[in-house]
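Per-chain residue numbering starts at 1, and chain names A, B and C are given in the order in which the chains are listed.
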Amino acid sequence: MHQRIIRFSVPLVAVALTLGTFGGAATASTSRSSEPSYTIAYEGPLSGGNAQLGLNMKYAVELAIRWANEGKTFGKLPFKLQYTEQDDQGSATVSPTSAEALVTNSSVVAVVGPAFSGATKAAEPIFSAADLATVSPSATNPLLATEGWKNFFRVVADDNAQGPYDADYIAKALKLKSVYTVDDASAYGSGLVGALDLRLQHDGVHVTHQTAPGTTQCQAGTGNVQEYGALASQVVSSKAPLLYYGGYYCDFALFAKALRAAGYKGQLMSDDGSLDPHYISEATKGVADNTLVTCACAALMNTPVDNAFATAFKQLAGFPSGTYTPEAFDATNVIIDVMKTIGAHVTRAAIVDGLRKVTYVGITKTVTFRPNGNIAGKTIYVYRVENGKIVELGSTLSLIKSS
Amino acid sequence: MSVSTSTAVARIRSARHSSDVRRLFACVFGFLVLAVMTGPSGSNLAPTSGFTGSLLHPRVFVFIALGVALWAIITAQHRWGEAIKHASDHVTALPRRVMPDRRVRLAFYAVLLAVAIVGPLHVNAFWQDVLVDQIGIYVLLAIGLNVVVGYAGLLDLGYIAFYAIGAYSTAFWTGALPVHPPIVLNAFWAIPFAIATAMLSGVLIGAPTLRLRGDYLAIVTLGFGEIIQIVATNLQGVTGGAQGVIGIPHPAVNLLHVHYTWLIDPLPYYYLLLAFVVLGLIAYSFLEHSRVGRAWTAIREDEVAAESSGINVLKYKIMAFAIGASTSGFAGMLTASKISFIEPGDFTVQLSILILVLVIFGGMGSLLGAVVGAAFLQWFPWYLKEHPLFGFQPEDLYIYLGAILVLTMIFRPEGMIPSRRRKREIGLAEHGVGTADAMSSSQAPVS
Amino acid sequence: MCFTQNFWSFFIGGIANGFLYALIALGYTLVYGVLQLINFAHSEVFMSGGFAGYFVLNAVIGNSQPRGLTSIGLIVLGTAAGAVGGAVVAYLLERVAYRPLRRRKAPRLAFLISAIGASYFLYNLAGKEFGRNAVTIPAPYTNGTVFYIFGAQVQTYYVVIAIAAMIMLIVLDRIVAATKLGRGIRAVAQDAETASLMGVNIDRVIAQTFILGGILGGAAGFLFGLNSGVVYTMGFTPALKAFTAAVLGGIGNIRGAMLGGLLLGVFENLGVTCAPTEWRDVIAFGILVLVLIVRPTGILGERLGRSA
């Protein structure tokens, strides 16, 4: 009998909701004060297998907006900032729709994101046509800067910057003659390791390469945790003195554990996707100690500013600051900095113009953009895990010089 | 005699009473689950904080009250259900008498078509894009899979493979892949190639595997779906690898006096898609009632009997695969040329499963069901994101979706709008006559 | 030959993985035997076992480093916790997502969708409540090499899995072959209607079958998590592989599931030496198709009714 209720109510509800959709767009929030209100949006994966990476960035954006509104970062601002988000699931088929949502929302003046390179490639034409600035904290594919999008910016170094610098560090500072490289078959990992391998070979280092697809323990991958055990045996047999992993902290942790369990005694090294305290907690301290991690970002050293950020972030998010969190914070702040320079009357076009000329000192680096949207400056920093903490050793160039 | 009847009456009353009590617990429990779903989240370091935050909080009383209210409504319905049924029968008498009439149905579809043509002009670019990328593509995929699962009764868990093949062959024929085609086509003219390649792969995949029975076919098709994604990722020199393919051109028509180029505005794609959906619906509808369709029905209901009646079962199964693949070939082309970028991560196993969900939720074996199911389940999350119900966060979307699926299957297992034939099959099965589908083995499912 | 480098090392690793697959595959096969239904939500039973084991061991061990007899006790505790977690979720699944459909004699595809919905619901709820990063189960033992076989090291982890799994598999085999519950399961699998005529309480047997499968799957989740951490998405890939193993061995066939799991584990591992990692799934799948074409009902054939 109650099926009747369902049978009637479901279509009725559906009709009502449909009418509601056609009836109007989302209601814009009316601010009670006389200050204009602008929205900064975050686009990235919030659900699905890649959710954690997206959440790492989302709370950083929220925190930046909150601190700006409270006057902590920039002093008194002539406007109020709001936050909105779009979950593109890291997917290139969802991101165009997310982009349209942000573009048609007239109060959105700039976007932090999209987080993933694939999603960015798909969404950027729409953002570009609407002249809406997008500052990505994590999209590293080099091609993004070659498509001629005037509104595209990123605060992270692309794969063609990081890969070769890491290679030079291995060849000239560590002075190694052979390396085993593994990537996780993601757009990020395979791109980075591809660039790394080319440069290593150019530097005269012998490279053995394998692809181990990322697992569902970490991301929306097709891989299988068991593969790390088998691959570890192969790495041990190859007797390579260094293993470089291109991918994310969670898969790297599993792989590192398997390597040490298989008896691998060489040096472990990875990219900025592994710059996350969860690498240490998941791999366990004994395994993680002495791992090298590189990043185009200055460390969150224990300065008061960084400590305040780390504490506030943890309180807001419920988990500690991780991969791409500081970059997202900087990306938001550089937008707010540009907005402050513009004044009370902010437009999308003004922000794009402002970003082309800005210089902002963030917590990861000094942010200035090249004409093609790439971050200026190619300093890559090397970190080492020491006693359960991530410690900065210095930039690759300075380490090469001093070796 | 009277003693036994009175004890019998007393027993029936207490049984009904206890089923009422059980229903009360079920309703309240359901709403408590909803309270947790819409409540705060926990974390690694505080795994119980989500539960305590949702349940040890005054808002839990609202949910308990709602649970009791629902129970009251249902119990009241049980007692006075007959009266309500009579009233509602009067209301639905007219539509039910009139609907089977062919002309009324055609008029109804004409109205739907008019709404479909005119409606999108009155919404903003975002909803137009939802209609194309999030709803339209999935409607196409759903009506294609409906041929395989709904008509022929084949459990295909790797349907996304055909979508991927359609997309990559579009990329190939427009010259966007690292390997170049013999002649470079415009994306519009790549449509027949995309469809043909998808259909051909349907034949190739089907030929060795369609001999397998139900669940084995499921596993094999699941494997194929995953293989396609892995091949796309690994063959970097052919498919662009994990980085995907960028720069696929938009379609353009330059024929006789017609010059039109699609750009990034979603509305023209919508009309192209609508044209194809209508074509597909008409074609599949004719197919359903043709000899081929009847062969499929026979295979679906009893494969052994069909074979012994002289139907070449394997041939018709392969046909179902190939024909079902055709709409996904077009869907792949549309995605590739509208977004101008495809990557292997677009074509996951989870997506195959989602399309199956859309088809079955909408109603098995029914075209209208597939369309409505896909449209509703794809539209609903986007509506929720724009108008979040209290407590909704985008991260939790699949929690809601999962709950909706389970509830729908419990209360309406035939799907939203099942085909009339299926509805009869299921109704008979409920009363113990025959099985509800041919996918069960020779014995009846356990009651 | 590509197999022969480090053969024993890969073989042993493969057997350990195979045991895990076997434990999960049994969950699928048991349910299939009595219901002719693929329990798509079994991946969440696996995950629940992992989380249950994690919570219990996290509370008990904390930061200490147990050794010796305490280790064994803790391993048993963790496995039991995982088993209980898996059993609870499996039972709830049966009551909420399947039984109402059984009452209505719903078509099998409806069961499939209900299972998929339940799976979406469970793992996303776990992600929301327990966080989306992986957590490590504090080790109840210190991992090292226990002994060597033909020059290949056997880690403590492998020994733990092997012993735990073998105990569970033997116990299961005995339950199905010799107890009243086992006879009930076999009877329902063979012919449910007649079984009910003979006085078997179908509902109870089905619930108990789910619980049995849940115990094994949940324990597997804990054992898996010992090495690989516990995370809300952990169920998808291992369960998929295990399902393939169950089909490979003959769906509905208990000994088939055990054999299928072990074979899959071993060949997956040995395959690494023969093919690059990224192609392994393709090869494994190709082998599966070949096996099914030659033996369409799996290696040991179907039928739970004939006592495997």
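Basically, a contact is a pair of C-beta atoms (placed from the backbone, for glycine too) under 8 Å apart; a residue touches a chain by one contact, two chains touch by 3 or more.
Computed from a predicted model, the values in this text were never measured in an experiment.
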| said: Comparing the two chain pairs, does B-C have more C-beta contacts than A-B, or is it the other way round? | reply: B-C
| task | Using mean Cα positions, find the chain sitting nearest the overall protein centre. | result | B
| remark: Rounded to the nearest Å, the gap separating the Cα centres of chain A and chain C is 35
| message | I'd like the Å distance between the centres of chain A and chain B, where a centre is the mean of that chain's Cα atoms. | response | 33
| If you average the Cα atoms of chain B and of chain C to get two centres, how far apart are those centres in Å? | 29
| query | Out of chain A, which residues touch more than one other chain, so two or more? | reply | 47, 51, 55, 185, 211, 213, 222, 318-319
| Which residues of chain C are in contact with two or more other chains? | 124, 127, 131, 133, 135, 278, 281
| note | Multi-chain touching residues of chain B, meaning two or more other chains, are 41-45, 226, 230, 233-234, 395-398
| chain C partner contacts - residues on chain A that touch it in the complex | 47, 49, 51-52, 55, 185, 210-213, 215-218, 222-227, 229-231, 233-234, 237, 250, 253-254, 257, 261, 263, 278, 281-282, 284, 318-319
| task | Mind listing the chain B positions that touch chain C in their complex? | result | 36-37, 41-45, 47, 50-51, 149, 155, 208-209, 211-213, 215-216, 218-220, 222-224, 226-227, 230-231, 233-234, 349, 353, 356-357, 360-361, 364, 395-399, 401-406, 408-410, 413-415, 425-426, 429-430, 432, 435-437, 439-441, 443-447
| note | Listed in rising order, chain C residues that touch chain B in their complex are 32, 34-36, 38, 55, 96-97, 100-114, 116-122, 124-125, 127-131, 133, 135, 188, 191-193, 196, 202, 206, 240, 243-244, 247, 251, 278-279, 281-282, 285, 288-289, 292-293, 296-298
| query | In the complex formed with chain A, which residues of chain C make contact? | reply | 5-6, 9-10, 13, 17, 124, 127, 131-136, 139, 143, 153, 155, 157, 224, 227-229, 231, 233-234, 236-238, 241, 265, 268-269, 272-273, 276-278, 280-281
| query | Where on chain A is chain B touching in the complex? | reply | 1-8, 10, 14, 17-18, 20-22, 25-26, 46-48, 51, 55, 85-87, 90-94, 96-97, 100-101, 103-105, 117-118, 121-122, 125-126, 129, 141, 143, 147, 185-187, 189-191, 211, 213, 220, 222, 318-319
